[in-house]
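Each of the next two complexes has chain A plus one more chain, namely chain B in the first and chain C in the second.
Coming up: the complex of A and B.
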């Protein structure tokens, strides 16, 4: 596809021990677009997502072949610091996981560890919470525990926390599957706003969500990339029969 | 390749109901055209009146079909082939309803014609009517069976009906020029021919939608030159 590319996968294979979970994946993620990864359970989409910021390194026995190129460098090269990668490629998980700290400290914790001074933290916390469309709801509660927030608010807090590190890319692994429909709609609305400034890659089991919010969609099956195209095309006239069978519910 | 069934059997049934419903509406419209033409050849105004009143049934079924399709769009959020199938079905039912209206128009002209002596033997009109009924039948068949070849045959037949309409028009023009007392009857017969030609247009419209449904390609407003340039 003919847009700016931010992350490029080149002939990537991924293994859990001896078992290959991703087969020769080559794909480019477009900058400042929302890309949805869809496919049945076990197809490798979450594995691929975690590959993009080396979260799979935390699982013993995993191995990567091929290249994952970000900012012109293979992020799996020996000299690359995975922590720095994870700052630039942030992640939001399925279950909201705020720190057991105040709302303020949830946001400020990461930047503080990276040496940001106290005078700048207040501004950063406010900015991040505003970006996550949470500021108005919590501005008078910053010293309250994050655990007192609702599920939807906690998830937006996690997004704000990731944004506070000023990433280039946000990875979201089923970010709304644990939320009610209204909270889901708010997160989707937030994603629509965030893509003006950030590249977003989202794993979702909800195909209507993928159709609603993504610009591009990649369909995976059994570790293979089956089809990758503009979302409009995938959901109106996919090129591959297998993709059509999946999205129309004729799978299995 | 045989289409796999949906995981949801209810959804499968709902989609099948669209096909069954359109087959039934199609059968009613074909009967309406045939009866309208029969009322012309037999000079049977009672039959013509029945064509007019029976159109209410077609209108009712069209509204129900549209409602059913909209409901599926809302509740099932169809994608890809299913989305194209349902949106095509909405168009098809619209075409069939208009075909029913054309049959009514013909019946109305027949009632007026039957009040005057017959102008001439009808040769081209019944021929045109047979072609048009076949087009409607084939267009629906192509929709039900996802058959691009049959759809293309319908699209090509449309030219023949256009030519027949032209021929009928020229012949009737001659009649009118030779004898002004014929003008009213000739004009009524021209209307019948024109309505048959419009039915053929609607059948082609259905065939165009079938092409879109099967391939995703919109061919609806192509000119005949565009079609001629297309590879086989």
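Coming up: the complex of A and C.
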């Protein structure tokens, strides 16, 4: 593909103990695009996503083979600190998971621990909440607990929290699957807006969502990358029969 | 059909009876102690030094001693216990070794307290030359309540949702910062709840302090942590078995027991208040 590559997977295998979850995946993610990862449950798409910011490190007994190159470096090389990687590659989870802190402290938490001063924090909190289109709803509630927000607001707060770290890449693991349609629509609009500045990689179970918001789509099945192409192409004229069967709802 | 109802009634009956037995014996115990002891309770009893070979006067030094020892035990047991629990649940690679250590800790909770007393005597009093003192007693009691605190802290840490840890780590926050800023604050109320059990035990034990801290009688209050102290449980033991007029001092013995129960409940209450404060501050 013609645009700049930001992350490149080279012959990646991934194991949970003895069982292999990803088979020899090679793919490039383009900068400032939205890439959707689709496929039936257990196909390895979430595993792949969590591999990109080394969140799989938290699971005991996992193993990675191959290279994941980000900014010219293999993030699984020995001298790489996963904490550094996660600062640059943010993540939004399936279920909104704000901290049991105030809205303000949810956003300022990451930057503060990375040494940002208080005066800059106020600006950053406002800026991040604006980016996540949540500012107008919460600007008078900054000292209220984040737990008082609705699910959709909580998820946008989580996005704002990730953005406050000024990452290069934003990973989203089914970010709308726990939300109602209106909140989902808001998040989708937000993603459209964010891709101007960020590379977004999103796992979704929702075909329409993938078609609506992504530029490129990768279809996974049983740990294999079956097809990876422009979203238009995948959804109108896929090369592989399996892809067509899945997106038309014949299986999965 | 009828048999099923009968079984149900029977079962409820048994459960109800069990509860009744517990409630009655506990209530009876408290009532018995109160009736026998309330007569001697007075302001002088809890604020004055003992007089006439401890057959008259108050028990103030024993109250003070027990509070010192209990607070000392918490100061030893809580940080050590929480730190161990953090290591066991957050850092250690879960495997056979850790499992064995955890079983060992659980076994430690069942070790008779006199064993802890001897351990304290050997290590703190003799080997480290602390002598029979508040320091040695606090350390011994601290070790005694350690298994309880580790157990409570482990459960509380495990109860913190994994999603909080993930959210924090995904922001490029280090593991230590995540534990310190997110996991621990959320686990603290649970840790305190469990520790209350340990506190009650520390305040009430006699055997561990017998060799390590408790004095038969002190003429004045302790001046430093290297002084011996009187303590309520030991004072009761002394009055009831080795006093000069055992029969005549019965009411004093019951009075002291009453005070001991009040002190334990008081410390528990304090922990409960601190805990509810923390919960409120969290606003979730």
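The definition used in the following text is that the second predicted complex is superposed on the first by the 251 of 252 C-alpha atoms of A that agree within 3 Å, B and C clash if a C-alpha of one lies under 4 Å from a C-alpha of the other, contacts with A are read in each partner's own complex, and residues count from 1 in each chain.
As a working rule, contacts are C-beta pairs under 8 Å (C-beta built on N, C-alpha and C of every residue); 3 or more make two chains touch, one makes a residue touch a chain.
In this text the structure is predicted, and so the values were computed from the model without any measurement.
Applying the stated clash criterion after superposition on chain A shows that chain B and chain C can sit side by side. Legend: residue contacts after superposition of the two complexes on their common chain; A:75 is shown touching neither chain B nor chain C.
Once chain A of one complex is fitted onto chain A of the other, the partner contacts of A:145 are limited to chain C, with no touch recorded for chain B.
In the superposed model, A:238 lies in contact with chain B only, and not with chain C. Of the two partner chains, neither chain B nor chain C is touched by A:160.
Touch counts on chain A: comparing chain C and chain B, the chain ahead is C. Applying the stated contact rule after C-alpha superposition, one finds that A:110 touches chain C and leaves chain B untouched. By the touch criterion stated above, A:251 is placed in contact with chain B alone, chain C being left untouched. Taking every C-alpha of chain B against every C-alpha of chain C after the fit on chain A, the minimum distance is 34 Å.
Chain A has no residue lying at the interface with chain B in one structure and with chain C in the other. Residues 93-94, 161, 163-174, 177, 181-182, 186, 282-284 of chain C are the ones that touch chain A when the two sit in their complex.
Within the complex, the chain B residues that touch chain A are 1, 3-8, 11, 77-84, 216. For chain A in complex with chain C, the touching residues are 53, 55, 58, 60, 83-88, 90-91, 93, 95, 97-100, 102, 109-110, 113-114, 144-145, 147-148, 158, 161-162, 165.
The touching residues of chain A, counted against chain B in their complex, run 207-208, 211, 235-238, 241, 243-245, 247-252.
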